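Next come two complexes, and both contain chain A; in the first it sits with chain B, in the second with chain C.
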Partner chain A sequence: MKKHTLLTLLALFFATFLTAQSESDKLVGIWEPSNGKARVKIEKIADKYYGKIVWLREPIDPVTNVPKVDKNNPDESMRTVPLKGYRMLKDFVFKGSGEWADGTIYDPENGSTYSCVIKLKDDNTLDIRGYVGVKALGRTDVWKRLEAKK
Partner chain B sequence: MKKIQHWLLLLCLLPLAAAAQQRDTLPPTPAEEDFSEYENLGFADEAAKRYCSPKILDLSPTRFVSLGWDWQQPYQAEFSPLGAFAGDDSPAPAETADFQATQGLRLSANIPVISRNSFVWQMGANFWNINYNGKIQTENQNAAGLTNRLFTRGLRTAGINTTIFKPLGEKQFLLLQGAADLSGDYTFSEFQSLRYLRYSGALIWGKRPHDRLQWGVGFARTYRVGELNYLPVVLYNWTAPNRKWGTEILFPARAHVRRTFNARSLLLAGYELEGQSYRISNLSDAEQSLEIRRGELRGRLEYQRQLGGFIWMALQVGYRYNYSFNADYLPNDGQEFFRGFFGDQRYAMLNTLTNGLYVNISVNLVSP
Partner chain C sequence: MKHFFQPAALFFLIFAAVSCGKVSTLEFKPAPITLTAEGPLFEGSNTAQGVLTNAELEALLAQGGYRGAAIKSARLVSALLLTETDTLTLDNLSEITLQLAAPEVDMQKVAVLNPVPVGKNSAALQVAAEQEKIAKLLQQPALTLVADVNLKQDTEANLTVKCQLVFEINVKD
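Moving on to the complex of A and B:
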């Protein structure tokens, strides 16, 4: 009887631990913003989630004819960093109930960084809301999960 | 004994298992990443769709909140007596004045209600105040006293507006705008009845072929020339491949050429039509309402610059051409009539203002 109780408790502990892990890791993957101009790989690094650009629809700058760089960054020292591989989502923490918060999103089009919250609408859809100060002053973009073409 | 050893082993393995998970999520030693694996991907959800964005590259920032001040150079005005005048009549002025100061506060706010890929809905409110100051030069027995009324009460507009952007797939969209404005010489202690609200709106169908071009055609009901009009509209927002030049056009309401210096400053050159129909309460009675049909064409240069974060400033310097300051009698139940460009309804007053320079400065909280 004691053995069975201990087994059950251990099984419950493992199940809860792994479920929490799998719930938070649903954010991990390759995602495409609504404009289709880029693909972002979201990965987990030490309990936080980060997203980097891994594909660009127009990877070459039509003005300079070289791979696009972060030319609009307010920090001049960052303006030669290639956009491919650029980490545009940073420091997201899983809050439960399909939400990741406390992070920021960077827009290389204008060099602005916004506060951001991410919600998992379903396994293949994210609501990414960038905002200015309060969430009401923001915009939601819907990102779709990508996978290898069948 | 063996069973106890089993459990002890299991307990020891638990933290190791957790640690193993954590080590697996740490990035490997940095190396040249192969991005080619991200080329041939498709939506995991086959029903997923793409939608066109309401913006194109390098458009001037959308303003959430704007706080501004508008000032006009001194000018002269001539106001006719009250009567019934054809548009090409030339009645002798009953009062003339020098307007030394025409200035006032301009506030607006636009807040997204719904902001998604497939639907954007925004609500806004605005308040514009115009204070007049100056000196009456001449006034005869037929004068309506409009100059004195403007000096003592000024004019103001308070309104609400809504904008809906509905993408029709990746390349096409519908844009719907609507507004209701209350304009007149009212004060907040002597407010104006809401039956004098004036309604305007526009519906545009458009296409967004790529990230640097957005165009559309549609129809508008507008007070931008001071009185009610129905006009076709053309939308043409474009950015050059070099990202330095562009246009922002919503014809005939406004049209600008844009020079983008960098992500934090730009210059617009063009014009905007402004107008409203202002009720003058002391020249109205139980039967009819007198409304000034104020319409202005403002040619200008506008410099916009980021001050810090999401705070931008805008400085306009331009020339104000007076399109109309005539007045109409309207039924006092708030009804409107349509004269357009070809109607022959009589004017209650025919008024002229000379033209001059203006300056407008604003501080704006802009949208992501």
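Moving on to the complex of A and C:
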């Protein structure tokens, strides 16, 4: 009887663990912001989630005629970092209930970094809220998964 | 009143003695870190990763009679990208950005090379002028070296490169 109870508890533990794991990894994939200018691949590195630009609608800078770089970075030494491959989402931690927080989002168009929280609205839609200081004073963008999960 | 000032004076003396410790600068040059991305890989953005454990730094600090907690500040002073063997070149890479990450510390962008020179089997990256939290990163049990690499063309093979990092560490006696 005791052995049976122990096995049931172990099975329950692993089932809970695997469910939590798969829920947190729902963020992983390729996503497109509402303006359609870029596609961002979100992946898991060292237990946190990071997103990098993998595609740009206009990859070439019309002024310099070479691939776009992070020309607005406040650190001048990093202004040659290419935008293709740029990590614009950093250090997100899964908080449960379809929410990832404690991370930042970088806007290459003005070189600013904002606090950010990500909410999974459904399997193929994210609410990305960037803010400064208070969450209420921010802006939310809706991102769509590139290959929709059915 | 006297009872209040005595512990306060003692605390001040201890604080002054601790904060006036001599600061020494050490060069930390771990063995080259292998960065790998599993193939097949496609043209464009890919990520190669490698791990640096704190064993080598602990050995260096122990050799000098320091403990890990004595690190006051640190910065990356150079980063050299190397091919796995001398006969290979870095020709399939167009650009590379290097970052350090750990579960308890925010990811730090530390170096970039754009463009990667053609026909070479090694190349020095430009190190970031602004570096934060490098000391905290080095005090983690392990840190992940994340290389975002843009490839010029698809490849069936794994991507393997090495990275030689050199840090300057200020430690307090």
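Side notes on the structure shown:
Criterion: the second predicted complex is superposed on the first by the 147 of 150 C-alpha atoms of A that agree within 3 Å, B and C clash if a C-alpha of one lies under 4 Å from a C-alpha of the other, contacts with A are read in each partner's own complex, and residues count from 1 in each chain.
By definition in this document, a contact is a pair of C-beta atoms (placed from the backbone, for glycine too) under 8 Å apart; a residue touches a chain by one contact, two chains touch by 3 or more.
These numbers were taken from a predicted model, which means no experiment stands behind them.
When the two structures are aligned on the shared chain, A:130 is found in touch with chain B, with no touch to chain C. After overlaying the two complexes on the shared chain, residue contacts for A:41 are found with chain B and with chain C alike.
After overlaying the two complexes on the shared chain, residue contacts for A:69 are found with chain C alone; chain B is out of touch. Residue contacts after overlaying the shared chain place A:111 against chain B, while chain C stays out of touching range. When the two complexes are overlaid on their common chain A, residue A:22 makes contact with neither chain B nor chain C.
By the touch criterion defined above, A:5 lies against neither chain B nor chain C after alignment on the C-alpha atoms of chain A.
By the touch criterion defined above, A:97 reaches neither chain B nor chain C.
Of the two partner chains, chain B and chain C are each touched by A:84. Put chain B and chain C next to each other and count what each touches on chain A; the higher total goes to B. Residues 41, 43, 45-46, 54-55, 74, 84-85 of chain A contact both chain B in one complex and chain C in the other. Interface residues of chain B facing chain A in the complex, by the touch rule stated above, are 3, 7, 10, 14, 18, 21-22, 25-27, 33, 35, 38-45, 48, 50-51, 53, 57, 64, 111-112, 115-118, 170, 211, 241-243, 262-264, 309-310, 365-368.
Contact residues of chain C toward chain A in the complex are 44-45, 47, 49, 94-95, 97, 99, 101-103, 106-107, 109, 112, 114, 126-130, 144, 146, 148-150.
Across the complex, chain A meets chain C through its residues 41, 43, 45-48, 50, 52-55, 69, 74-78, 80-82, 84-87, 90-91, 104.
Remark: chain A residues 3, 6, 10, 14, 17, 21, 30, 32, 34-37, 39, 41, 43-46, 54-55, 62-63, 72, 74, 84-85, 107, 109-112, 114, 122-125, 127, 130-133, 136-142, 144-150 touch chain B in the complex.
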